[in-house]
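When the chains are written out, they are named A, B and C in that same order, and each has its own residue count from 1.
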Amino acid sequence: MSRVDVRKTYKLFIGGKFPRSESGRTYPAASRRGKFQANVAQASRKDARDAVRAARAAQPGWAGATAYNRGQVLYRVAEMLEERRDQFASQVRAGEGVSSKRAEDLVSAAIDRWVWYAGWSDKVAQVGGNANPVAGPFFNISTPEPTGVVAVIAPQKSSLLGLVSVLAPVIVTGNTAVVLASADRPLPAVTLSEVLATSDVPGGVVNVLTGHTAEVAPHLATHADVNAIDVSGAVGAEGVTWGELEEAAAETLKRVRRPLTDEEPDYANEQSLSQILAFTEVKTVWHPKGA
Amino acid sequence: MTAFDYAPAPESPSVVDIASSYGLFINGEFTDAASGESLKTINPATEENLAEVAVAGEADVERAVRAARTAYERTWGPMPGSERAKYLFRIARLLAERSREFAVLEVLDNGKPIREARDVDIPQAAAHFFYYAGWADKLDYAGRGAAPRPHGVAAQVIPWNFPLLMLSWKIAPALAAGNTVVLKPAETTPLTALLFADLLQQAELPPGVVNIITGAGRTGADLIAHPDVDKVAFTGSTKVGKLIARQVAGTHKHATLELGGKAANIIFDDAPVDQAIEGIVNGIYFNAGQVCCAGSRLLVQESIADEVIDRLKARLSTLRVGDPMDKNTDVGAVNSAAQLKRITDLAEAGDAEGAVRWSAPWDLPTKGYWFPPTIFTQVASAHRIAREEIFGPVLSVLTFRTPDEAVAKANNTPYGLSAGVWTEKGSRILAMADKIRAGVVWANTFNKFDPTSPFGGYKESGYGREGGRHGLLPYLIEGGTQ
Amino acid sequence: MTSTANVRTDPGSRSGAAVAEQARSLVGAAELNNTALRRYLHGLPGVDQVGADARAAMLGTRSIKTTAKAWAIDTAISMIDLTTLEGADTPGKVRSLVAKAKTPDPSDPACPKPAAVCVYPDLVPEALTAIGDAGINVASVATAFPAGRASRQVRLADTRDAVAAGAHEVDMVIDRGAFLAGDYLKVYEDIVAVREACQSVTGDQRPAHLKVILETGELATYDNVRRASWLAMLAGADFIKTSTGKVSPAATLPVTVVMLEAVRDFLAATGAHVGVKPAGGIRTSKDAIKYLVAVNEVAGQDWLTPDLFRFGASSLLNDVLLQRQKLATGAYSGPDYVTID
C-alpha cells in the first residue's frame, strides 16, 4: 500500500510571513492537463494593500543596504533555487505542460538569470550613471536610484523563468516588490516565496500574491504608494489588459513597463540592463567646486 | 550724499521685427491654418497686443504630423548621423548669432527680465543644440545598445515659462536621435518658437523635420492624440501630465513628462549663509518663481530661522522689480492674467490659513500682471501654500530641528523634482542627497542648469530625463542586445 | 544686516579700552587668546567661493547709465586714494601726484577731488606741503609695508613716523604669516598697538584713521578674508583694505563683496560702521562702477561716501576722467586730454 502524502497549504507571502488571504478565499490551481494541484490563496484588494504596506516598510532598509550586500543576498537566493530545482521542475512541468527535460532547462535558465541580475547590483550605478561635465565650477553626477515600491504583474505562461525575469531586475537596485503571480500557474511563485523566506532577503522586499489578475492588479495600479508597475505580464491575462492597467496607473504617474508585443515573449531572451533601469530614477547632484 | 538711483537702462525692442500675424510652420513653410482661427499674444508687462497667431485645428495637426512622417521616412531618418549633427550645429550657431533678437522677443512675450533671457534662456538654448549635435553620430555610445533607433514622429508640447529653452530641450535631443518633430509652443508665448522657425529656414533644415504649430490646450491634445505620433514629450502641469499619461496608455506611444514641483530648499545652521540667501532668492524669485523646480519651500533649521529670515528680507529689499526690458530688473511680470490669479488666490489661502505674509514695498507698474516677491513665515506642512505648486514669487518658510526631520518634510509631497541643501559639512550633504527623493539635488547652489546635466523628477513630477546622456535615451528605441 | 541711515559711530573715536571690551564681548571670552579667537573666527559662517563669485558677477552686470553714471563717476573720483608707492618715488613725483589730486581735470574746476593721496611715510611731509589747504588727506602706508615682515617695534616706529609727520590716515599691513599660522592674537595685538600709535597725537592734531590691509591675495580663501576682516574690526580698524597692490591678485570684486558683507554684519552686531578699501587692479571707470554697485547692494547706501569707501588706485583716476568728459561732451575723449601725474 502506497503512503498517503502530506500536502502543503499554499499561502500568500507578505512582509516575510505566510498569511492566508484576509478574505479567506482560495481557488484551485490545476495542471495543464486539468489535474488538481492545490488550492491557492485568492488574494483580495486588502491583501494587496497589506503587501504594499510591507513593501514600503522594507524599502528604505533594502535600498540602504550596500550594493555588495544586496548582490550577496540575491546570489544566496540562486543557491537556494538550485537546491530546490527538482521541486521547481516538477511544478513547471505540471503547470506549463512541458516535458521534464524542458522543465529542467527552464529551471536552469531561471537560476542562471537570477545569478545574472544579482551580479548587476554593484554595477548598475557605474553603467547607468555618469559624471556630467557642466560648463562651470561644479561637481555634477547622475546616478540611477531605486524608484521605490514596484508592482509586478508576473507573466501568465512562463511561471518561473518569466517570473524571475521580471522580479530580479526590480529588486536588484533596492526596490521592493509586490508580485501578482500568474493566475493559472501560481505554484512556482509560492515556492519561490519559500525560497526567499529561507534566504537572507529581508521580509517585505518581495511580497507574493496569488489570485485573479483582473481582481487584484487594478488595485496595485491605482495604489498611490506604488511608484511603478510592470504590466508586461498582463499579456494574456483574463479580464484585464495591460493598457487598462497603464491607464489606471496614470492618475499617480507611475512608471509603467509595457509589453513589447501582444504575445507573451519567449523569456529565454528577456534579459537586459534596460529592464533594471526601467525601475530606477536618475538623480543628479550638483555641488560647487571652490577652495 | 544722494542715493545711488540706477537710471533706466532699457534694452531696445527695435532689434526684433514682430509681424502682425503668424501662420503655422509646416513642412518648412509658414502656412495659414485651415481652422481659420487665431489667438492674440500680448506683452504681460504692458498688456499690449504683440501679434495674432494661428490656432491649429485637427486638419492642421494632421498636415503637420504627415509632414513630419514624410520627412522621417524620406530625409531625416535615412540621413547619416554625422549629417544630422551638422544641421544641429548650424542651429546652435544661428541661435548664438541672433541671441539678442531672441532675448528681446522672449522678454516681450513672456515678461521675464532681459537679464535672465540674455544670460540664461538664450545661451542655454544654443548650448543645448550644440551639446546634442555632437550626439547625433555617436548614438551607439548612448547606452541604448548597438544601433539604437529613433521612435519616428515626436509630438512635443512645451510651457510658457522658458519658451525657447524648453523648445531646445525638446527639439535638440529628438533630432539628434533621428526623430522628426511637431512642436506646440504655449498659448501665451508662441513668438520665439515662430522666430525659431525662421531660423530653421536660414539653417536650410529639410522641410518637415521640425514643424511648429500654435494654439491652445486643444491643439496640444489633438497633437498628442494623433495616431501617427510615436513619441510624446510634455512639460507643464501635473494635471495635464496625468491626462497625457492616460491618453497614451495602452498605445505604442512613449511619453516623457516633466511636470510640477514643490522643492524644498534646506538650510542648515552651518550653511554658508550669504550664499544660501542668494540661493534662496535665486531659487524662488528667478523667473518670478514660474519655474517647476523653484525652491518654493524654504526649510530652515530652527536655530537660525530668525536670522535667515531677517537677512532674506533685507536682501529682498534690494531686488529690482519692474520693467522686464530694463537691464537692471531682477523680477519681471507674471506671464498671464490667469497665472496672476492663481498666485493671488493661493497667497490669499496662505493668509486665511494663518501664515504671515511679507513683501517689500515695491512700486509695481499699474498695467500688466504683477505680483511682488513675497515670503510667508509660520507655514505648516498642512497649509496649501506648503503643498500646492504656486508657480509664482511666493516663498513658504518652514522650520526643522534635525536632518531626519528635514528629509521627512522635504519628501512629504507627491512631487519630487528638485531640492536644495545648504551646509558646509560634506558628509551631511551626501547623506541628505541620498535620502531626498528628487531628480535634481543642488547642494550649496540652486537652479543651475546645463545641457550635459539630466533634469527630471520622481513621483508626480513626471518621468524621463531631459539633458545629458540620459536626456537622449527617451528618444531612442533600444538597439541590439547589451 | 540692514543698512540704516542712522548716525554713524566712528570706530576711531572709541578708546582702546572700549574696543577691547567690545571684542571680548563679541568673542564671548573674558580674555582674548588664540583659542577664543579661533573659536570665534571659525564659527563665522563659511563663504562658498563659487556662490560668492557668482554674486559678484551678477552685480557686475548692472547697467549704470546717464544720470546714475554721472553720479557714480563723481562719487568714484571723490573716493580715490591717489597712490604712489614705488621705490623710485621722489619729492617731485609726490608734488606731481598732489597737483593731479588738487586739479584732476584742469578743464573743469567743478570736477571733484580725490579723498587722499597715499605715499610712503618719508614722503608724508612733502605731500602735506604740496597739499596745503586743499582739503585732501594724506594717507601713509606703514608697518614695514608691504610685507610687514619686521618686529612689532619696527612696525610701530614706522607708524609713529608717519603720524608724527602729520599723516591723516595710516594704511597698515597685517602679519599674514601670523594669520596663516593661526596666531590670531598676534595679528589682533599688532593692530591694537598700531591703532594706539595712530591715536598718540599731540596738540590739535587729530588721530590718524587706521586702514588695515589684509593682503587678500595671500590669504587666498574667502573664508580667510571673512575671518581677517572680523579680526581687524574686532581690533578697532576704521577701514579694512584688500591689498598692498604689490601682490597678485590685488583687489577683486568678490573679495570686496565678502568684505562688504563683513562690515554690514559688523554694523548689525555693534552699531559701528567700518569702511572698505579695495586697492590695486581697479583701473577703469567700468570697474569702479561695479564696485559702487556692490557697495550699494551689499553694504547699503550708508557706505556710499569717502568716509566709508575708498579706491586705492593710480591709473583709475584718468580713466574715470575720460568717461566724465565723454558724458559731458558726448564725444569719446583721448589720453592726451587728461593729465599725467
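We take it that contacts are C-beta pairs under 8 Å (C-beta built on N, C-alpha and C of every residue); 3 or more make two chains touch, one makes a residue touch a chain.
What you see is a predicted model; the values in this text were computed from it and never measured.
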Inset, instruction - State the pair with the higher C-beta contact count; candidates are A-C and A-B. - result: A-B
Legend entry - Most central chain, judged by mean C-alpha position against the global CA mean: B
Legend entry - Centroid distance [mean C-alpha coordinates] between chain C and chain B, Å: 44
Legend entry - Between chain A and chain C, centroid-to-centroid distance (C-alpha), Å: 69
Legend entry - Rounded Å distance between chain A and chain B, as computed from the means of their C-alpha atoms: 36
Inset, instruction - Spell out, as numbers or ranges, the residues of chain C touching 2 or more other chains. - result: 48, 50-51
Legend entry - Multi-partner residues of chain A (at least 2 other chains): 136, 138, 288
Inset, instruction - For chain B, jot down the residues that touch at least 2 other chains. - result: 444-445
Inset, instruction - In the complex, go through chain A and note every residue touching chain C. - result: 136-138, 288-291
Inset, instruction - Could you pull out which chain B residues touch chain A in their complex? - result: 127, 143-145, 238, 241-242, 245-246, 249-251, 257, 259, 414, 416, 429, 433, 437-445, 448, 450, 452-456, 458-460, 462-463, 465, 468-470, 478, 481-482
Inset, instruction - Spell out the residues on chain B that touch chain C in their complex, using ranges where they run on. - result: 1-9, 115, 119, 270-275, 278-279, 310-311, 314, 317-318, 327-328, 424, 444-445
Inset, instruction - Provide the residue numbers of chain C that touch chain B in the complex, in ascending order. - result: 1-2, 45-48, 50-52, 54-55, 61-69, 71-72, 75, 261, 292-293, 296-297, 301, 304-305
Inset, instruction - Would you tell me which residues of chain C are touching chain A in their complex? - result: 48-51, 53, 220-221
